[in-house]
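Take a look at the structure below.
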Amino acid sequence: MKDRQRHQIRKTIQNLSDPDLYRMVYMPGHGQPLPSVEQMAGIIENIRAILFPGFFGENRLQTHTLQYHMGRRIDDLYESLSEQVRRGICFRCPNPDDEECRKCKDQSPSLTADFIEKLPDLRDILEDDIQATYNGDPAAQSTEEIIFSYPGIHAITNHRIAHELTRLEVPLLPRIITEMAHSATGIDIHPHAVIDRGFVIDHGTGVVIGATSRIGKSVKLYQGVTLGARSFPLDEQGNPIKGIQRHPVVEDNVIIYAETTVLGRVTIGQGSVIGGNVWLTRSVPPKSRILQQKAQTMNFTRGEGI
Amino acid sequence: MKDRQRHQIRKTIQNLSDPDLYRMVYMPGHGQPLPSVEQMAGIIENIRAILFPGFFGENRLQTHTLQYHMGRRIDDLYESLSEQVRRGICFRCPNPDDEECRKCKDQSPSLTADFIEKLPDLRDILEDDIQATYNGDPAAQSTEEIIFSYPGIHAITNHRIAHELTRLEVPLLPRIITEMAHSATGIDIHPHAVIDRGFVIDHGTGVVIGATSRIGKSVKLYQGVTLGARSFPLDEQGNPIKGIQRHPVVEDNVIIYAETTVLGRVTIGQGSVIGGNVWLTRSVPPKSRILQQKAQTMNFTRGEGI
Amino acid sequence: MKDRQRHQIRKTIQNLSDPDLYRMVYMPGHGQPLPSVEQMAGIIENIRAILFPGFFGENRLQTHTLQYHMGRRIDDLYESLSEQVRRGICFRCPNPDDEECRKCKDQSPSLTADFIEKLPDLRDILEDDIQATYNGDPAAQSTEEIIFSYPGIHAITNHRIAHELTRLEVPLLPRIITEMAHSATGIDIHPHAVIDRGFVIDHGTGVVIGATSRIGKSVKLYQGVTLGARSFPLDEQGNPIKGIQRHPVVEDNVIIYAETTVLGRVTIGQGSVIGGNVWLTRSVPPKSRILQQKAQTMNFTRGEGI
Amino acid sequence: MKDRQRHQIRKTIQNLSDPDLYRMVYMPGHGQPLPSVEQMAGIIENIRAILFPGFFGENRLQTHTLQYHMGRRIDDLYESLSEQVRRGICFRCPNPDDEECRKCKDQSPSLTADFIEKLPDLRDILEDDIQATYNGDPAAQSTEEIIFSYPGIHAITNHRIAHELTRLEVPLLPRIITEMAHSATGIDIHPHAVIDRGFVIDHGTGVVIGATSRIGKSVKLYQGVTLGARSFPLDEQGNPIKGIQRHPVVEDNVIIYAETTVLGRVTIGQGSVIGGNVWLTRSVPPKSRILQQKAQTMNFTRGEGI
Amino acid sequence: MKDRQRHQIRKTIQNLSDPDLYRMVYMPGHGQPLPSVEQMAGIIENIRAILFPGFFGENRLQTHTLQYHMGRRIDDLYESLSEQVRRGICFRCPNPDDEECRKCKDQSPSLTADFIEKLPDLRDILEDDIQATYNGDPAAQSTEEIIFSYPGIHAITNHRIAHELTRLEVPLLPRIITEMAHSATGIDIHPHAVIDRGFVIDHGTGVVIGATSRIGKSVKLYQGVTLGARSFPLDEQGNPIKGIQRHPVVEDNVIIYAETTVLGRVTIGQGSVIGGNVWLTRSVPPKSRILQQKAQTMNFTRGEGI
Amino acid sequence: MKDRQRHQIRKTIQNLSDPDLYRMVYMPGHGQPLPSVEQMAGIIENIRAILFPGFFGENRLQTHTLQYHMGRRIDDLYESLSEQVRRGICFRCPNPDDEECRKCKDQSPSLTADFIEKLPDLRDILEDDIQATYNGDPAAQSTEEIIFSYPGIHAITNHRIAHELTRLEVPLLPRIITEMAHSATGIDIHPHAVIDRGFVIDHGTGVVIGATSRIGKSVKLYQGVTLGARSFPLDEQGNPIKGIQRHPVVEDNVIIYAETTVLGRVTIGQGSVIGGNVWLTRSVPPKSRILQQKAQTMNFTRGEGI
């Protein structure tokens, strides 16, 4: 290394190690570690193997040994998730080093056990989602194929896990869990969104479901559908006001085709069909059928392009 | 662990280990293992290194040792893919434990060898895809750059592999292979779709190509384009009828711009250009030029939002 | 293995190992290795831990030991990135084996040190991006959450790294870096695009930003927005002419909603709001408000579908 | 690579790949794979965690979840050991490809289950070995410390596992198992050796116990002790005659000190103490006390050395 | 799996999971985890890289970046060793779950910091050991070769680390550390043994140095030398009395040749040379020269053997 | 971390990072990396799979694909060993940064190719060693078992590899290679030792063979045998004089039993048998038979001990 480079590198190290030069992106304030994205990935992999034994994790399970594998996995889940829940709670805790934080720590095992207790219900709901996906897809050849390789089921599974943790008021982890699914599938469902049974997302890339969305039974969304917010009111300091209901309500048995954008606290009435590539910022009554304006045919000479 | 948590966990283990409580999402019925997604990922990585030596896998290959690396990789491929093909066939086999299943098992080596024999053809077709991508992208600086980092080529490679396995009637694996590409690139091509040479997908996130689509020579699709199905006929039990031709036919030299949705068994005539964000559910003749209705300019005051 | 299969495999190995049968997708010409995508992934992971200490990499950092971890990481970065920069330069070098190539090799340490010297500036700009994301999202509960799990920040970080390497004229690596972010987030930003501070991409799946785009301060894009090119002029051989300004200019404070496609060297005037699902191939003046034509309501009977 | 080197390498590859040039060290004759030393290492690690739960493997076990971890581990053991037993049997099988070999294959699950059934007995015997080690070592502070870090217990555990497989007439694997312990501890016990309870090896490096040795209750050996064979009779072809009793019998309560060599089918009578560095090729009656001839004191001047 | 095997396995699981069937080899009593041998291996690897930078760990260190790598490694050591020290202390703690145990926990960081503070002294002493090894071995070509590949230095390094932890009264870990060296080198030095500077072990396999041994300056031992205990007094319950001085004192400048056994609290006077294969259970004055009785030459006819 | 600990750690980092405080154990002088023990382990594993295909590495090899695996492994060996040879040479090079060092670098590929060319000869010699081991061990059931699990063959293989590199005057690597075998088997053979065909080491723990030893055809050594040096002459500075013939010559067909020590440049005449636990510092004529003095029987009362 030449002197000039040595100088550049030493200066950069000093600069990046100087807490006074951080404006806002500072290190986590106290010595408690943040949740680990890598650990969370292992935890979700474990839950997937618990919910769908034989499909993920061990692939030679047999009925008479299932309980051992299930027991081992759930015991591991209890240990590993407790630790991440503790970190998530500590992250929000104002005084992580004193007795207060000890209280936080005591919460994590019981929250984790409460979550684990819900797993059989989650499996039950997911069975409905899988059945609905199978019923609605002529290309699907078996429910096993769907569990195995459909990104919609992948994303909904992560959402239902994350939503349960949200209900238990565990901070930070739910968002990490849904973002994992987002990265793997292109489907971005906020953990706060409330979604009923029999939910189908087909293909799914580009789907966005905002935090205050409410989705009824047996709804089907195609790729690229957004359930988003319009612009939102600001408070006196010019910051967005938090907690306002700002995303759509989609009632039972609605289908929304690819790439359509629905914004604001509007209601899509039950049984409606919304065509693709539509921009929709108003409510529509039950059994509506909404389509984009018919496209226009233009003259053109190749070479001009579009 | 406190008593309450111990109780919650023990109950959950029992519940999730009880086969009688599974409604539909049961374990694979017989003792034969399902295909392994992890193994398939390694197999596809191997095939990519075989098709594009020096780009993936070993990065110091030289002409005079190429045959050894190629030989080793193809021998490994034969072993590892045979096993996964066997699992895929067994998955569909009604009697995996008896002599019938033995027949299944005997099929897998010959199917695998038939697949391997097609690899030189696949490479030849992919060269056309790469050349077409290069010709159509002013930002591309070399074909190497395209092999290396263009998601379109990644997805088309997986599709052409999966399609070949589909032609050999190998179950389950093709879908796993295309879903891997979908997760990595956001491009979802059904393995059954028939796609001719010189195919280009630019950027590609959100592209969906349905199972019965047929795509001609030198077609170019941009990100977010869907070639999908309209609603489909149900049989007397209310299940979708399988195997109907329900996706578009796209003829030679067609370009479809970003986010456009084409649904149903319609034909896009050769040489047509379809603009972006269009919803199209009808056939268009050759050399058509179709655009979305012109957007409207609205008045607004900042603060109202849209 | 039966004789037939043995024959098929031997023939395939010979075929794929014969340099004369390669039409165009040949191995890299000289013995110098290509950049390694796997190594680049580790390098980017390292830079992310340098820019956001405590969030990525070690998760127990404390102020008084930060300098050691920073120093070690930057020293590692210098070593590992130098090697990849050398490979990138060699890839373009016409005579990698002679003295000329030696010159290439000498460049890589100084380019790498120049890049490292820019890291504090990158962090400063990214702080603005994070702050803008926080200000614009009522669902965000802290800036930490954004660093941790927002795909927009992930993609912009990779872009700003890649853009810096582009400015230093390092070949091949920038494209690999942005494609990593594309695969993880569905956001595809060309490393050449020039993007000012306070840039926000929300959700982001399907966003495409072309090579000659210019984006002003405090711009916000939603998922599925394309800043692309129209068809481009060809030279006398029918190849696209490289280097033409062919992507949009987006001025300060513009918002573009989901799935909108803007094509060509058009200008979106400052302060404009473009609604979602719009196809836009013309410039609009400052403070414009552009929406898709209102969707049509159709009659329908369920069973007919759309 | 220069031409000369290219030539050297090509010639070497041809030479080493030519079956006709192998004199004796040929590849395994049929396509069946040999046992995998790596897999066996994992299997032994698993058995150690089964026999000593909490010490090896999971280190947070609790009584109420022990059964799940035990169940999972034993189920894994059944699967993985069955496969290696099958390979071991096939290795000896003269006709591995025909129906005969199928019979071999059918043996492996039942042999494996028979072995597993013996694990509780093995644990019981090992408890005696551990207790005897504790009683005999003033430096040992707890039995846990002994389980954790005493090489003697490590080697005896491997021996007792291997000996059990020997009794079930599983070929090849027992030798691999004892050789693992030999490599880790320097203690080389042949799997055929018969060793009673309460056996102690202290420090142990260099201990050798031959195949036909018989060792009584509560025997203690120090490092470097050999129980070996003298020269052995040859058959008419000049090959050693197999199966002759050629190693020592060591009766109950014998102690043999460091580095002593006992050769041949001699008997060390019960309660005897053999000092260190002794060469002993004759039987000694019960309660004997044998020492090396007293060393001689020599004159010397430093610089001459010895 | 057949019914019989299923039965065998289920019975074994029950048996091994039943705490009542454990006689003595029980699981660790309380929920606190035992030290992890695997973690300890990483910690020792880290310390070796700290003591011998450039030889172990990073192999491209340069003077101007050494401080960063050293700082990172020592910070990691502090974190990881603190945790293992805590586990070691808890293992001995009678009430690990109450406040008492909290006190234990508070000890571990300060003990760890005290240990780290001693590292420069350890390095200084080890430099003398290396120099002495170099001076005494005509085959050694450089001190670097000795650091790199001499098992004696490997074992002495581990001993000096373990001895320091013993002085700090950390339980369990010292023994794990010396046993690692024992397994790798065949040299078994008890952590309590007191060993002065300039200590050389050549080749070393089979060397045993007991807990109460004391070794002076510039002593050299060859392979297979034992400094052990004779039989030891028992207390009234028949258990060995702990803590008695029962191993040899070896004064300055002594050489002991291969395979010699010295037992009991005897003194080998300074400057003595003890030949190989000697059994020595008495003290010898300074400058003694002790050899085995001269071997006898026997008549023999090949075929009779020995 | 408390202030006191923070201070201790910071001081230690400074101390250990200060080059002026190193007395002798300095970092490698120039920026060139030392050979990597970890890389060398992989290289030796590769060579073992080349010499014994099907036993190590791939365990499903078949004759018709052997050449591909062999070719790939030897190509990898060429690349990886060249790099380590270069580092070994650089380590001795006085001016690694200038043109001189470039010359060094140019040597490594040709030395590596010369080594590779010798591999068929090595295999041929090792076949004799294996056959001799089989002939001499009644417990051996096949030559495959010997290749698979006999530590003697492991150690001799490493020695013959290392010796070949020694003949090519490659520094440092040979010693690393033999030390690997020493750690795994307890057998320490100096790479300079000259050993003829048909060499057998049984069990082997504790065997030491010094640098200037010469061993004839069909020699057999048991565990714990030392062929070592007596004290050696010093030069005027008191350093040992290098390069003197100071280890034994063992002629053809000699057997030496366990734990015997032979020191100095003495000759063990052909056909001799040396019993175990003998200390031998003089030459013996051909066909000698040497035994330890007969041990003495002592009276004793249990409780007195020895």
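The chains carry the letters A, B, C, D, E and F, assigned in the order they are written, with residues numbered from 1 in each.
The rule is simple: a residue touches a chain if its C-beta (ideal position, glycine included) is under 8 Å from a C-beta of that chain, and two chains touch if they have at least 3 such contacts.
Keep in mind the model is a prediction, meaning the values are calculated, not measured.
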Going from chain B to chain E via touching chains takes a minimum number of steps equal to 2
Contacting chain D as well as chain E are chains A, F
More Cb-Cb contact pairs, comparing A-E against C-E, go to C-E
Cα rotation angle, chain B onto chain C, in degrees to the nearest 5, is 120
Note: chain C sits from chain A at a C-alpha centroid distance in Å of 23
Per the C-alpha means, the centres of chain A and chain D lie apart by a whole-Å value of 53
Among all residues of chain A, those touching at least two other chains are 1, 13, 31, 60, 62, 67-68, 70-71, 74-75, 186, 205-206, 224, 232, 257, 259, 263, 275, 277-278, 291-293, 305-306
Each pair of chains that touches is included here, namely A-B, A-C, A-D, A-E, B-C, B-D, B-F, C-E, C-F, D-E, D-F, E-F
Chain A partner, complex, touching residues on chain E are 1, 6, 10, 13, 62, 64, 68
Chain B residues touching chain C in their complex are 50-55, 59-63, 66-67, 70-71, 74-75, 78, 109-110, 112-114, 116-117, 119-120, 123-124, 126-127, 130-131, 135-139, 141, 143-145, 147-151, 184-186, 203, 205-206, 222-224, 230-232, 257-259, 263, 275-278, 281, 291-300, 302, 305-306
Note: in the complex, chain A contacts chain D through residues 60, 65, 67-72, 74-75, 79
Within the complex, chain E is touched by chain F residues 1-2, 4-5, 8-9, 11-17, 19, 21, 23-25, 27-28, 31, 33-34, 36-37, 91, 171-172, 175-176, 179, 182-183, 186, 188, 190, 192, 205-206, 208, 210-211, 224, 226, 228-229, 232, 238-244, 246, 257, 259-261, 263, 271, 273, 275, 277-280, 284, 287-293, 304-306
